[in-house]
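The chains carry the letters A, B, C, D, E and F, assigned in the order they are written, with residues numbered from 1 in each.
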Amino acid sequence: MRPLVSTEGPTGALPWYRPLADEVTVFTHCHRAGLPVLLKGPTGCGKTRFVEHMALRLERPLVTVACHDDTAAADLIGRHLILGGDTVWNDGPALRALRQGAILYLDEIAEARPDVLAVLHPLADHRRTIFVDRIGEAVGAQPGFLLVASYNPGYQRGLKELKPSTRQRFVALSFQHPAAEVEQEILSGETGIDPARALRLARLAHRLRQLEHLGLGDAVSTRLLVDAARLMVGGLEARQACRVAIVGPLSDDRDVVEAAHDLVALAF
Amino acid sequence: MRPLVSTEGPTGALPWYRPLADEVTVFTHCHRAGLPVLLKGPTGCGKTRFVEHMALRLERPLVTVACHDDTAAADLIGRHLILGGDTVWNDGPALRALRQGAILYLDEIAEARPDVLAVLHPLADHRRTIFVDRIGEAVGAQPGFLLVASYNPGYQRGLKELKPSTRQRFVALSFQHPAAEVEQEILSGETGIDPARALRLARLAHRLRQLEHLGLGDAVSTRLLVDAARLMVGGLEARQACRVAIVGPLSDDRDVVEAAHDLVALAF
Amino acid sequence: MRPLVSTEGPTGALPWYRPLADEVTVFTHCHRAGLPVLLKGPTGCGKTRFVEHMALRLERPLVTVACHDDTAAADLIGRHLILGGDTVWNDGPALRALRQGAILYLDEIAEARPDVLAVLHPLADHRRTIFVDRIGEAVGAQPGFLLVASYNPGYQRGLKELKPSTRQRFVALSFQHPAAEVEQEILSGETGIDPARALRLARLAHRLRQLEHLGLGDAVSTRLLVDAARLMVGGLEARQACRVAIVGPLSDDRDVVEAAHDLVALAF
Amino acid sequence: MRPLVSTEGPTGALPWYRPLADEVTVFTHCHRAGLPVLLKGPTGCGKTRFVEHMALRLERPLVTVACHDDTAAADLIGRHLILGGDTVWNDGPALRALRQGAILYLDEIAEARPDVLAVLHPLADHRRTIFVDRIGEAVGAQPGFLLVASYNPGYQRGLKELKPSTRQRFVALSFQHPAAEVEQEILSGETGIDPARALRLARLAHRLRQLEHLGLGDAVSTRLLVDAARLMVGGLEARQACRVAIVGPLSDDRDVVEAAHDLVALAF
Amino acid sequence: MRPLVSTEGPTGALPWYRPLADEVTVFTHCHRAGLPVLLKGPTGCGKTRFVEHMALRLERPLVTVACHDDTAAADLIGRHLILGGDTVWNDGPALRALRQGAILYLDEIAEARPDVLAVLHPLADHRRTIFVDRIGEAVGAQPGFLLVASYNPGYQRGLKELKPSTRQRFVALSFQHPAAEVEQEILSGETGIDPARALRLARLAHRLRQLEHLGLGDAVSTRLLVDAARLMVGGLEARQACRVAIVGPLSDDRDVVEAAHDLVALAF
Amino acid sequence: MRPLVSTEGPTGALPWYRPLADEVTVFTHCHRAGLPVLLKGPTGCGKTRFVEHMALRLERPLVTVACHDDTAAADLIGRHLILGGDTVWNDGPALRALRQGAILYLDEIAEARPDVLAVLHPLADHRRTIFVDRIGEAVGAQPGFLLVASYNPGYQRGLKELKPSTRQRFVALSFQHPAAEVEQEILSGETGIDPARALRLARLAHRLRQLEHLGLGDAVSTRLLVDAARLMVGGLEARQACRVAIVGPLSDDRDVVEAAHDLVALAF
């Protein structure tokens, strides 16, 4: 029974990435020390792009798992499949990552059931080895393996929390919304929009984030600005682009929508 | 193992569609920029017809998924079937849409469990590629692919909400009930009813929507008017048609029903 | 893979049916216009008999599905069965009805999970076609196909409601308890009981329904009277028949039972 | 595919049964008229013995189903089994009863999920036929078939209720605890205990039932007395027998147990 | 299809057992009369040992089932297994016990779902026969069969209760903590500890049980004392043994633990 | 059908372990007496390392099971797998441990469903034998077998409790945070950090644990200090290391994080 091994993840040149703080340094040290990393921060602040960047920078394959309620232990570890009348073991993403010395990225880890994550605990401490009952094999991490997870603390509040016994196995890196000039730089770098309009978008985001009574806070992500910029570069009128790419995804509340449209009208 | 590919969706001539606002322009820009589109609006306001219209206009196949609580990730991605003793992989609608460069339409997206939608996140951002564990294959979007979803914000309130981390991956387009003249035009265009009776139906709807204390609001949809018009064209008496096709489906509350019947009696 | 096609439903002569209002006319128009019909009304008021009558009258096969919590989409659409080592597709009732141009009757539709009903939405609007993923086939309705559903609004209150997005796809017909003379006629017609005793039974029902403080209301159905009449025709003493066939099924509350027994004693 | 048919239920001579009221007459009439029967009454009052008695008296096989939360529709109707590489349909108890013209007895019907019972509705009204999707066959009741169910109203209160739409399909027969002399007769008849001790047991039960503040009420069933009598006939001391066979099963509450032991000490 | 029959349970010489009250007599009478027995009492008071003792004394095999939430009816009755391409029926513990005339012991019966227990009702009354649908066979009890169950009333309070309709099918035997001298005798008999230290342990338990404000009550079981005695016999210091074998398992509450440690210090 | 036997667990030289109290002595006595051991204590205090140490010291294989909600009885006991067309029984970790005389370590036992643990009760008392229904075999413990479990009482409070009937089958050993000097020794021993910085880290932990109003309490585990020390040894600046390895994993609360950062600034 030979497990199927697959290579996945980014290839090619190191993509453009604008560091926000010391995240590159810390991540590099954790990788060297074999300590798992937790990326904390709001939706759309670039956690996924950062992991893709680090995987290329450290020249490791990247294995991504989008966590959700339904993720079973077998979805991480692997399962037997029946192929051509024979039973063949099929490595799950965790085993593939271990064998390749890859970065295993659990996106939105708090979405997974705590019990499923418990299966990965042996990978997150000094053992770095998982015993797979079904194939009677102890699979140890190849050099370069690193467990990384992302987590949105604000959004999670009151709903899904990471169990302390899982969370404390990680070194934690916080991501925040970038300053306006940094965000302008990101918008130009990612979409090719001219600096003037990029700055207007960044300032619009800054103002929307400040209207605390609107309750939008963390929700005004860089990703929304990138979408708006992309539509503008494609030729859509600026206000129209902001309305459908920024305001529409943020809220259905009539009052919030109107207040946001006013700010859009001021920006462009 | 060759996946089964199927072609589905509308064929034939571009069907009659009456735009309500700038929805055709924005949708076209999003399609060009590869940005997912969320159609927000009440039941029966024509979101499905709009998607069918745009698929034909943009000459893309349309793959529709009616979302519900029970939708599993495998219902979107695909699964192995045993056919004639052999295990054959069967692409789900998402993979079919990716391979065909089709429009993938998730109808009533908020009905699906958030975790199932998380599976589609890689299709909704810059990656536009999904890694399918079961077949060890990274399936990328063919040119023309677009992810579209519909969502009823009023109806959803307090029940099922779209997770921000899903929602913010879409550009959002709002649909509202059309003005009476537009609705008249739609009724004639779709059922062939004479303009006079079409206008009476449109005005009846307008009055029913204004009776806020009846709590009918968004519920008085264009679809109900179309049904009534169709019964009238088929020969049923106007009041009878309005009672069974408009009032009956709206409410079981005796007071609401009586008030609505009074308005019907005034209209015809 | 040839689907198994089966014919089910009533055959033989048009059975006796006593119309209560304009239900026959409206149903006939809906059938002609292809608009789905929702029969609203209390338990035991004859909704099922009405559908059987209309199926024979319109000369369409009748395919009935008793909806319940456990109904899966596959129970409506169909599934693969393994027969003699081969995988054979087995049409569910919805597909059988579509292919035969039958009346598809969803009894107690509110019992089914909303998500399962969502699967039928494409049959309930202008599409009248369902795409079946598992067999890669779009199954369109043959002429004569009609979707019909029953629903008990009073009983449902506070428990299971039909989702507006499902409900508004139907033309709605209301059923009420018949007037005493009509009920007398039904009793004689269905059981052969003599008109005098039939009238006493109908009046007993009328009085029980009026005792609003007993909370029996809608529960005193014509079906209970038919059962009592049948036992009386078979030779059981009238009071005994009323006690076991009418009072017993209505309540376990000692006070309600005693009050009802008093009315029985007055009636016979 | 030939269904497996099995014969189950009582055989041999008509067993001793002591009627409590008019239950034999009513049941016989219902059987003749084909009307389903609901036996209402507390635990251990002899509902199961009554059905066994009636099955022998009417010379019909008896098919019993102990209803519970987990009962699936397939447990009633049947399912495909794989035997020797072939798929064989296996009739469930409901189909076996229909084909044999048997009495189908659903013990503790309120335990079953309402949706499962909905499957049997076509057997409980004028149709007396069930369409079995999986085998494409409409199975009609052979002469003599009768649907019977038992139900404990007191115990059920507030917990599981029979849905009106199920309940009103039955003629309802109420069972109560028998008078002391009748209970004495039952004890002697079933266990062979001498009349003097039988009467003492019956009077003890009567007194326990009257102590309303103990909350034992309906719980002091004839079955408990029969067990105590059987132990006494086997040689166990009377007080010891009453303590373990009557008091012990009734309660764990120290006060209730002591009060009950006092009554036992008075009785023997 | 021949069922697999297995013999399980104690063999060898009658093990040492110290009766607490009249439990041996009553159990023997119940076995003779075929009446099911319920053993009520706190955790660790020797219910399991008593059943093992009685099985050897009555020379019947013992079949034990540890009940839990997940126990399915098939876990008791049996199921089909596929062995070497053939489907073979595999008797569950209940059927094995019936066929061998064994004692079927349901340990912690209240843990099982009520519906699963309902399956065993026919074994617990005069029928002593179970009809197994899947194999079309009525399996009757061989002579010597007895149904026994254990239940912890104190612990269960408010959580899981035995349904009266299950509970009243049993004769109930109560177990309490033994007097200090009896407990001393048990400790010496089971572990070989000297009488002096055995008495100190028994008195320590007595004192812990009296501290009602600690809420330990029923929890201080003979089993804990046996564990402490065994560690002491093995050479562990007495206080250390009491702390880890008695206090540690009882509570995590700092105050309770300290108070208990004080009593330990007084005892040794 | 031969079960697959696998050897797992630590091999090689006895690793460095710093005893905190009498845990080595008590564990050794329990192993000799065959009494199951429960390790109580907060996350990250070294329970897992202690078990690994004892397994090597006692020269027994170690079989570890990470308990979680989803653990089924079959995950502990074993299951049938289909390999090459034949059904092969596959021992689960509990059976492997029994047959090898290994230490069976249930990590975070309170996470498992109580009913699953009930399956292991026969291993935790004098029986030390489990009857496996599926293979008709009673599997007894080989010499050296020991059941060990870990449990976090503080964290569990109010959420998941161990059932007394499970808990009282264990001898319980409590683990607490070590004194500063002991912790310093552990840090140097495990990471090679110089004693001065080790002491600063230990004192920082001590201060964080004292800030009761921060609610961190038990959460500041030795494991976090080890991670920080490892990053520092790897060259990361001390404050940066403490922020990402100690503060980040502890909390997302802005106030808690700031207060903790202040303490970090005082420490280094």
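Basically, contacts are C-beta pairs under 8 Å (C-beta built on N, C-alpha and C of every residue); 3 or more make two chains touch, one makes a residue touch a chain.
Please read these numbers as outputs of a predicted model, since none were measured by experiment.
Trainee: Rotation angle, subunit B onto subunit C: superpose the C-alpha atoms of these two copies and give the value as a multiple of 5 degrees.
Mentor: About 60 degrees of rotation relates the two copies.
Trainee: Is it true that over half of the residue numbers where subunit A touches subunit B are used by both copies, so same, or is it different?
Mentor: At the contact between subunit A and subunit B, which are copies of one sequence, the residues are largely different (under half shared).
Trainee: Return the chain whose centre of C-alpha atoms lies at maximal distance from the corresponding centre of subunit E.
Mentor: The most distant chain relative to subunit E turns out to be B.
Trainee: Using mean CA coordinates as chain centres, what's the gap between subunit C and subunit D in Å?
Mentor: Measuring from centre to centre gives 30 Å for this pair.
Trainee: CA centre of subunit B versus CA centre of subunit F: separation in Å?
Mentor: Spacing between the chain centres: roughly 52 Å.
Trainee: Of all residues in subunit A, which are in touch with two or more distinct other chains?
Mentor: Within subunit A, the residues that touch at least two other chains are 82, 85.
Trainee: By the document's touch definition, which label belongs to this structure's chain graph: line, ring, star, complete, or other?
Mentor: Shape = ring; chains linked end to end, path closes on itself.
Trainee: Please report the chains around the ring in sequence, anchored at subunit A, with subunit B in second place.
Mentor: A, B, C, D, E, F
Trainee: Write out the stretch or stretches of subunit D touching subunit E in their complex.
Mentor: Where subunit D meets subunit E, its residues are 4, 6, 8, 43-44, 48, 64, 66-71, 75, 81-85, 90, 92-93, 107-108, 111, 152, 155, 219, 221, 223-224, 227, 230-231, 234-236, 240, 244-245, 247-250, 252.
Trainee: Can you name the residues of subunit C that touch subunit B in the complex?
Mentor: 22, 25-26, 29-30, 32-33, 35, 38, 40, 72-73, 80, 82, 85-87, 113-116, 118-119, 121-122, 125, 131, 133-134, 136, 138, 153-154, 164-165, 167-174
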